[in-house]
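This is the structure I want to talk about, given as structure tokens.
For clarity, chains are labelled A, B, C and D in written order, and residue numbers in each chain start from 1.
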Amino acid sequence: MASRPDGSTPRNSTPSARHASARPADPHWHTAITRIQPNTIQIRGYAVDELMGRLSFAEAIYLILRGELPTPSIGKLFEAVLVSSLDHGVTPPSTLAARNVATTGAPIRESVAAGVLGFGAFHGGDIESCMRFLQSGLSRISEGRSCHDVAREMADGCLQQGRIPSGFGHRIHTFDPRAARLLQLAQELELDGGHVRLIRAIERVLQQRPDADERPIPLNVDGAIAAVCGDLGFDPNLANPLFIIARVPGLITHAYEERERFQPMRQIDPKDHVYDGPLSRRLPETRK
Amino acid sequence: MASRPDGSTPRNSTPSARHASARPADPHWHTAITRIQPNTIQIRGYAVDELMGRLSFAEAIYLILRGELPTPSIGKLFEAVLVSSLDHGVTPPSTLAARNVATTGAPIRESVAAGVLGFGAFHGGDIESCMRFLQSGLSRISEGRSCHDVAREMADGCLQQGRIPSGFGHRIHTFDPRAARLLQLAQELELDGGHVRLIRAIERVLQQRPDADERPIPLNVDGAIAAVCGDLGFDPNLANPLFIIARVPGLITHAYEERERFQPMRQIDPKDHVYDGPLSRRLPETRK
Amino acid sequence: MASRPDGSTPRNSTPSARHASARPADPHWHTAITRIQPNTIQIRGYAVDELMGRLSFAEAIYLILRGELPTPSIGKLFEAVLVSSLDHGVTPPSTLAARNVATTGAPIRESVAAGVLGFGAFHGGDIESCMRFLQSGLSRISEGRSCHDVAREMADGCLQQGRIPSGFGHRIHTFDPRAARLLQLAQELELDGGHVRLIRAIERVLQQRPDADERPIPLNVDGAIAAVCGDLGFDPNLANPLFIIARVPGLITHAYEERERFQPMRQIDPKDHVYDGPLSRRLPETRK
Amino acid sequence: MASRPDGSTPRNSTPSARHASARPADPHWHTAITRIQPNTIQIRGYAVDELMGRLSFAEAIYLILRGELPTPSIGKLFEAVLVSSLDHGVTPPSTLAARNVATTGAPIRESVAAGVLGFGAFHGGDIESCMRFLQSGLSRISEGRSCHDVAREMADGCLQQGRIPSGFGHRIHTFDPRAARLLQLAQELELDGGHVRLIRAIERVLQQRPDADERPIPLNVDGAIAAVCGDLGFDPNLANPLFIIARVPGLITHAYEERERFQPMRQIDPKDHVYDGPLSRRLPETRK
């Protein structure tokens, strides 16, 4: 017996589409990612074994996501995007979800899954919303408005509604060093375009607020990533996934530490932790 | 009211441990991964903004997992480890789990979570079992046995029980180009140690079987990663997590393609797909 | 060191809210679900051991979700809601996600997690959208319009846009016996209210279409659940969760069968399955 | 192009099995759970619409898991098993994982998935280990030993190794009212068999320890469920899944409360919560 999937008809399907499914469907479907043949694995047309040792992991990620190789400059900026979000300590709810799963004795992959589910709209979702926010501004600029005027409108529009503009503000940091470094790199690599110019303009508007010193609203790392990835042409639907790629190694390290250092079934209090890792240190000169 | 976690007493807890929990517990717990202070994020002691643009993503992953910077050679080999497992097409069950979740309209992070859960003992779990398999052989070598004798015992022991040695065999490939390339890189970078020597010795034993031509049992990519990561000193408990880090970008790309190219709620038949991406192509000369 | 969660400021947070977090927060938070004290577990005020043997599982689910005991009639109808969605065979994408995870050797709970993630907007999400659809109609009726007129408007509005009304249509069934039975039970138990009356009116409109015989658009089980649960006063935000509660036993049974009957790492083709379970049978007379 | 799943050869697969996959495989596979035909859904041979209103949800769960209807007595005991584990407040790590996901703005199903992943070996896994523990004792009894002697050996064997016997001990409760009630119901319904007799015998041994008053090691709910489900003939591999079925409604209620009562991205401290739900209350007389 061959049957077909359950589920009510999707809301946006049409009666004709529904009935069309009664026709014998084309049994073939198409994929443009990876081609597997005996003794050959090609990703976007390139043999994986040829990529190994020649592309960095970040460049290969760019290739599979976008379909084409990055230029060396884009590759370098994309590395920095991913490094910027590698970890943010034990207190993000995604990390707590991962640690709470780890303390029950589950394998690390279950901690990763639980942690990834914690990248909801309010955590990791801000890159996407900031990309869309910037796109709305760029469309106004493309109609002939000045970047400065649009930036002022965007900032004022939010503040007047009691909202902080997407991509700005942080609960802990009054200056987000990751955001500053990422925009600096984009400029050095000559990869800053309209998105970066617009977010810098919004940043200036916010810095010129009368109460900017007492109540800073700094550009945050999500905003900087949104601007840089916008200029690189990423689809906003890939923003949350980029954050996942960047943060999974952090989630894994927390789950691993939880399993190695603590008794199972402990109660994890996010407030009462103490850092006991290496003290502040600098990269060796050869790395600079 | 302050209460404490539910759950039956863990099997390996002692009565004294159980009663000890009645004492007021030390409210502090320790973490050695990331230190967060206002305007400062340090991973393993290094400021994230200093790492950005100076470490590659793979090097930063190595740093957070291991606690120390990789040497440039180790960094290069670790990039190749991660690139080797980036994707294997639409048919692995983890990829099918991710696509089946995507077709219901769920956000991409849910596809990632479902896909990661598909890295069970029989899929992605072979790196860990091969690392342990090699360790058992190395301990025999450390007792004075020759690498060749131990390799022969290990291979014969499996085959006599009707099992293929861990790290060998593949359902599709009779020669796994990723495995060959990874061991070649380890050798070129002078990072091949006891694990690589042992797995190469097992490979030779298997190649000398009388029926090796009709029924090849090739070294596979999991075996090569196990050998290389064993020589790099990775804990076998991090083997499955390394595979997760490598494959998450592939899962994301499949979930994204599923959402972009297909109607929701389609029935995904793993057999009837056709590749329609870029044809075979080579890296430009500048990349070689 | 005590620090606070990462994450960009939520989009709807205000500057004042953000700065308020600098004040020492009230360390207590409140929960109204379950009270744990030594040797006492109370759910919504009732001792669990008193509930055991006196409430059915479905009645206890109703209690914890809603905060109050159901009447016996409501309890009976709620049992039927949950039974109606227990399973729908191997082809729904949620079930395929669960089976693909099971075939990798993962524990059953990982299959459950993957399957639950497959209850996206297009699969299991229709109960919620139908509840909101019916609520929009009821608000028009409360303004003095007749149920019949509103039903006609709602049906015609969808069809003219080429959409099937939410809660109607099915890919396999031209008559959904679960929907009919559920509305019959609601009527017998005298629990049918405005939502049921409205969905029945929409059903009649759709049945009177000129092409209703060739192209039936039947009321489906999601629509019937939406109407019944709407009349029971359920929050539409609990619609998807009700479906999860009902379907988890089905997901578990599929994962268990996958592990017990099949070799690991098989390729699961949703089309080529054959049912070999018990033939059609009727409940014994004592059960009727 | 038709290809086949990735993945290293499973450890327990034989060379012949591996090569057998080169033969054209039987395209059909079998399932014995649910039969879907147009306008008919049969679970284990029974039409779902016939079950609705005639079987309780718990009885239908028993049917789909076991393949046959429960007797009325078994159905009643099974309801109590599921009610016993409905919830245990905010502090279990599974509940904290679910709440941490909910605070990020994710849909409730993602909280359910994360919570279910928290039912690892040390949390929810004790039912299975206790079932296997009891089975090992029953096999000794079947060889002619007395229940009392075996119970003493089992208890002493654990205590001498500094372990608490599986199914006993609780971090909060010195007497677990759920366990007592469940065994009482099994007795009243005349469903107590060898597993229940054995666990009661172990309980007596533990109560006769010299320090039983100062350091009670009570039978816990996991132990009682293990004994009861063992006597009902459940496969220990279904023990963790039974706990999942029972606890999912609790996880949902916590995720729902988290979303309804709290701001997103709050830091959830498991220690500082206060119960503000209904005060202690009793079931109405009609329910007793």
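To be clear about the criterion, a contact is a pair of C-beta atoms (placed from the backbone, for glycine too) under 8 Å apart; a residue touches a chain by one contact, two chains touch by 3 or more.
Every value quoted in this text rests on a predicted model; they were computed, and no experiment measured them.
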At the place where copies subunit A and subunit B touch, is the share of residue numbers found on both sides over half (same) or under half (different)?
-> same
Using mean Cα positions as chain centres, tell me which chain lies farthest from subunit B.
-> C
What rotation angle superposes the Cα atoms of subunit B onto subunit C, in degrees to the nearest 5?
-> 180
Centre distance in Å when subunit A and subunit D are each reduced to the mean of their C-alpha atoms = 38
How many angstrom lie between the CA centroids of subunit B and subunit D, rounded to a whole number?
-> 32
Per the centroid of Cα atoms for each chain, what is the distance between subunit A and subunit B, given in Å?
-> 22
Please list all residues of subunit B that touch 2 or more other chains.
-> 1, 3-7, 10, 13, 35-36, 88-89, 91, 93, 104-105, 110, 113-114, 117, 119, 121-124, 171-172, 264-265, 267-275
As the complex stands, subunit A meets subunit D at residues 1, 3, 6, 35-37, 91, 93-94, 96-97, 100-101, 103-106, 110-111, 113-114, 117-125, 171, 264-265, 267-271
What part of subunit B is in contact with subunit A in the complex they form?
-> 4-5, 7, 10, 13, 17, 27-36, 38-58, 60-61, 64-65, 67, 69, 76, 79-80, 82-84, 86-91, 104-105, 107-110, 112-114, 116-117, 119, 172-178, 180-182, 185, 237-238, 240-241, 244-246, 248-250, 252-257, 259, 261-269, 272-284, 287-288
